[in-house]
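What follows is a set of structures to go through.
In the two assemblies presented below, chain A is common to both, partnered first by chain B and then by chain C.
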Partner chain A sequence: MNMNYALLLIAVPLAVAFLQPLFGMISKKFTKWVTFLTLAFNFVYSLCLLNYVMTNGPQIAVIGNWRPPFGINLYLSALSLFLATIIYFVGTVVSFYFIGIKDKPIDDKLSLVMLLVVGAAGAIVMTGDLFNMFVFIEILSIGTAILIASRDKGLSYKGALKYMIFGSIGSSMLLFAIGFTYGTLGTLNLAEIALRFHEINPTLASFIVLMFTGGVFVEAELFPFNMWVPDSYEGASPHINAILSGIVSTAGIYAIMRVFMTVFGINIGDRIVIYGKLNFNAILITIGVITTAIGELSALTQKNIKKILAFSSMAQMGVIAFAIGIGNQIALTGGIFHLFNHAISKALLFLVAAMIIRNIGSADIDDMEGFGRHNKFLAIIFAIGAFGIIGIPFFNGFWSKMYIIDGAVMRSTPWTYFALSFILGAALIEAFYYFRIIYKMFNDKKITAKNRIHPFAYISVALLAIVVLTVGIYPSLFSNILNHASAGIFDRVQYITTVLGMGVLR
Partner chain B sequence: MISAIFFYSTAFVLFLIGLFGVLTRKNVIKILVSFSITETAVNLFLVTVGYIEGGKAPILTNTIGSIGIHNLKFVDPLPQALVLTAIVIGLGTTALSLVIAIKLYKNYGTLNITKMDGKI
Partner chain C sequence: MKKTEFITGSFIALTLVVLLGIFFFQALFQPSYEGKVMPVDNVNLKNRVSLHYVLKNVNNASKYLAMHGMRYFNNRSSVPSQTITYGKSKNLEEGSANEVTSIVVNYRGFDTLGEVTVLFISIIGITMLIGGVVEKKWIKPSLIVRTGSKFLFPFILLFGVYIFIHGHLTPGGGFPGGAVIASGFLLLLLGLENYRFNTKASKVIESLAGLTFVCIGLIGLFTKNSFLANFIPTGTVGLLYSAGMVSLIYVVIGIKVGAELSTGVAELKEGNKND
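Take a look at the complex of A and B:
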């Protein structure tokens, strides 16, 4: 099998995206179907590639026959393709939901941007080159800003501007980090940097890592760079939030995992330590705890359902950063699993929230009192998603959080136990505010519906709920993929030999 | 001949000026100008990283055989490609931010970000 066909995963969405204005001349509905079909193709194709990679080991796609370390290559491992599959799956479901929304004049442009964002996120998780990663992060952040602004309200422009401010500062810092890496090592190929990163002076290495955080923490919604989260999520349409939370943050966390662990890390004992003067693992754990604490406490005080879900999304990213900071394989497996669970459950919650807001015409949770009596199906689906995020036993979040706790206990230093207690306490707060919403929904109160909901919307959330329930009841479904995926981060030698072994220096 | 350290320090100072502008200015347009300054700083830095004195374009020609391949100073085109891409991306970002600024002015009647708070 020629792996170069994997390029279609990036080329098809980008090519179709710029044809959308032409399709838009036929009909706005048509562009939405094109978006859906393109992303569905990507989903199926990445699933096939994932299957191939699981049996034959990681592969690389060399572009234009410029073998690594020159030229550009895509690295196709279990982790990349697993996350790409999640991204395309969430994209497919959201675009299916998008078909059911009433047509607006800008819908062909929105389909264009949606394809760009999903295509760029898929490219971030597959690329093996720092320069490419930068370009796709930029495409992702520009596209995301357009999506946020597309609601055409004052608040959404404010959210988009905030996102642009953080994104631009972050990308400048990222470029600085790339410049320093190139200046010291003379290469931007991730595998070659991974091979030679420990040759750099430890102080400079720490500086590069710190500069790098600016670029990827924005997308990953981690602490100092997450101030855009409340405004942007509140300003954007709720189904756009499903993309923000399910796709953009997944790509951001992947960039952190791949670059910080595989490329900047060194294997010490049973875990990966980020190379440099600073103990960046401890910093990452601290950032994770701070992000989680801020996210959960802010969510508790909010009344707007979009803001509650946004802060909850931020908190989950903190939990994953904590898992990355611990750095042993079990915690990493848990981190990847939690990333999957978060993407699915949060996309589900945001889509249900979008339907509820559309149905009752308000985003305030006080106005949702009695919604469960009015529309049982949606309320139950919302409860399923919420249970998945909280981690009630026999829902998907439970298993991933168990992995993370297991990894943290294995690490067993006083600081990890202390941080873990914070994460668990935050999970309690989370359970409290989700149960409050669910309780309000099932209160006895008459509610008047304003707008009808399209059946496509029901189908898309039902699909996500089925995934949540399946993973919760049968968590070993993905255990093989997850083990391969975390080994893909953990086994740095395999990464380097797979990429450079194909190269000119073999 | 100005040494490379001059350009490095200029890039760093420019970056700090831009960052200061972004953090302290209240006017959206001034914030966007500060962004442009940071972008320029990064581009200057990248060009300086890739600069080799007396370097030549990495193209194989007939004259190379007589000089000997090890006596040649080739410039790696990678930083140049990086800077070109960064400039184009910077253009796109600035254009989009300016559009957002126009829309903000139409919605709020002001460009001051502190005065926008509290209004919906």
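Take a look at the complex of A and C:
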């Protein structure tokens, strides 16, 4: 199997996106179907590639026949393809949901932008080149801003503007980091940087890491760069929020994992420490704790269901940052698993929230009292998603949080225990506000439905709920992939030799 | 936005900027005994990947890396290279006389595909969100502008086409060429009173040009087994018919950028009425 054909995963969405304006002249509905079919193709193809990589080990795809440190390459490992598969899966489900909602005049452009955002997120998790990652982060952030602004209300413009400001500051910081890296090492290839990053002066290395932080923390919704989250999520349509939460933040967290650990990290004992003068692992743990605490406490005070879910999404990103900061393999496995669970459950929650909002015409949780009596199916699905996020036993979030706690306990320094207590306390708060919503839904009260819901919407949420339940009941389904994925982050030598060839260590 | 929120935000931003600034200056003035590579002293411009792009010896460098391993990274300039003579050297691995073009379109062509997409999605966003806001302030042009824009338009178009066709030989290329073409259409939109830009046709051209770019990449994938691989002989350096697919891609980019920017400018003026 020629792995260079993996480029189809990026080339096909781009080609179809270029053609979407022509399809839009035929029919708006048709563009939605085209987006759905393209993403479905990507999902199936990435599953095939994942299957191949699991048996044959990580591979690279070369672009333009220029071998890696000189040209651009894709790195196809269990982690990249696993995350790409999740991204395409969530994209497929959301675009299927998107077919069902009422047509608006700008829908052809929206489905185009959606396709580009999902395609770019897939490219970020597969690329092996720093500047290439930057280009696709640009596409991702511009596309996300357009998606947020597409609701055509004052609030959504405000949210989009905030996201644009943060996104452009982040991008310019990222460009600084890339410039310094190229200026000192003379290369942009991730594997070569990983091989030679310890040659850089530690102070400068820390500076590069800090600058890089600015770029990816915006997408990953982590603390100093997440002030856009509440306004943007409130302003955007709920199904767009499913993309923001399930796809954009997944790509951001992948960039943190890959670049901070494999590229900027050095192996010390059983864990990876980020090279440089600063103890960046402790900073990441602190950032994770702050993000989680702020997110959960803010979610507690909100009445708007979109804002609650947005803050909850921020908090989960904090948990994953905490897992990355701990830096041993168990915690990292938990982090990747939690990323998967979060993408699926949060997409599910946002889609159900979209349907509820459409059905009763209000996003306030007080107006949802009695919704469970009115529409049992949706309320139960919402409860499944919420249980998955909280981590009730036999739902998917339980297993990933167990992994993270296990890893944190294995690290066993006073600071980790202190941080862990915060994470666990935050999980309690989270359980409280989710149970409050579920309790309100199943209260006995008569409500009147306003709008009908399209059957496609039911199918898409049911699909996601099935995944949540399957993973919860049978968590070892993915254990093989997850072990390979976290080992792929840890085995830096394997990353370098796969990309640059075995001879490089001579 | 509340005032307190703004003050807190600016305080956090200021703190971050000061911290980063301290960090930056510390790195600049630190002695270099801790790590080998420093930003100020000892920067060796020849120890960068771009050296091979300029000397067109990437394939040699790949072989050299496979043979010598780690030693390659400390001494990139020891990779053997051949002398390139303008107008004489034939069938090099990469045939454009303009070094920047060879990097942008060939060695790192995938990034350019991404950049084209960035422009595409930005124009889509602009026309979707703020289309048709400029028309209110339109002032009737004077006689000189009306005559001059009609007279100059073909020359501007010709100059734009010249720039992107010669992208692999002279400075410039697809993006500047496209921008020049769009400026010609902007002149018409501003200078002629009842000029209507054909947005539909322009969109069709733009879509097909974008598709052609991806298809050139896919032809490389299917014939040479690698996306965006060169599948046309590179010819003699410095001739118009040289550089293989590089010139082809730059023509496509020029057409695409020209159509795209023109559509953007026209829709800013007229609004997208066909929706």
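Here is the rule we use: the second predicted complex is superposed on the first by the 501 of 506 C-alpha atoms of A that agree within 3 Å, B and C clash if a C-alpha of one lies under 4 Å from a C-alpha of the other, contacts with A are read in each partner's own complex, and residues count from 1 in each chain.
Methods note: a contact is a pair of C-beta atoms (placed from the backbone, for glycine too) under 8 Å apart; a residue touches a chain by one contact, two chains touch by 3 or more.
It should be emphasised that the depicted structure is a prediction, and the values quoted were computed from it without experimental measurement.
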Contacts of A:196 with chain B and chain C, given as first, second, both or neither: second
Touching partner for A:161 - first (chain B), second (chain C), both, neither: first
Which of chain B and chain C A:109 touches, first, second, both or neither: second
Touched partner set for A:153, first chain B, second chain C, both or neither: first
Chain A residues touched by each partner, larger count belonging to chain B or chain C: C
Contacts of A:500 with chain B and chain C, given as first, second, both or neither: second
First (chain B), second (chain C), both or neither touched by A:186: both
Contacts of A:175 with chain B and chain C, given as first, second, both or neither: first
Overlapping contact positions on chain A, where the chain C interface meets the chain B interface: 131, 135, 138, 142, 145-146, 149, 157, 182-183, 186, 188
Touching residues (chain side chain A, partner chain B) in the complex: 131, 135, 138, 142, 145-146, 149, 152-155, 157-158, 160-161, 164-165, 167-169, 171-172, 175-176, 178-179, 182-183, 186, 188
Complex contacts: residues of chain C adjacent to chain A: 9, 12, 16, 20, 23-24, 26-27, 30, 32, 34-39, 43, 47-50, 52-53, 58, 61-62, 65-70, 73, 76, 106-111, 113-115, 117-118, 120-122, 124-125, 128-129, 200, 203-204, 206-207, 210-211, 213-215, 217-218, 220-221, 224-230, 275
Residue ranges of chain B in contact with chain A within the complex: 15, 18-19, 22, 28, 31, 35, 38-39, 41-42, 45-46, 49-50, 76, 78-79, 81-82, 85-86, 89, 92-93, 96-97, 100-101, 103-104, 107-108, 113, 116, 119-120
Contact set on chain A toward chain C in their complex: 2, 4-5, 7-8, 11, 14-15, 17-22, 25, 61-67, 69-72, 105-106, 109, 112-113, 116, 120, 123, 131-132, 135-136, 138-139, 142-143, 145-146, 149-150, 157, 180, 182-189, 192, 195-196, 198-207, 210-211, 224, 227, 500-501, 503-506
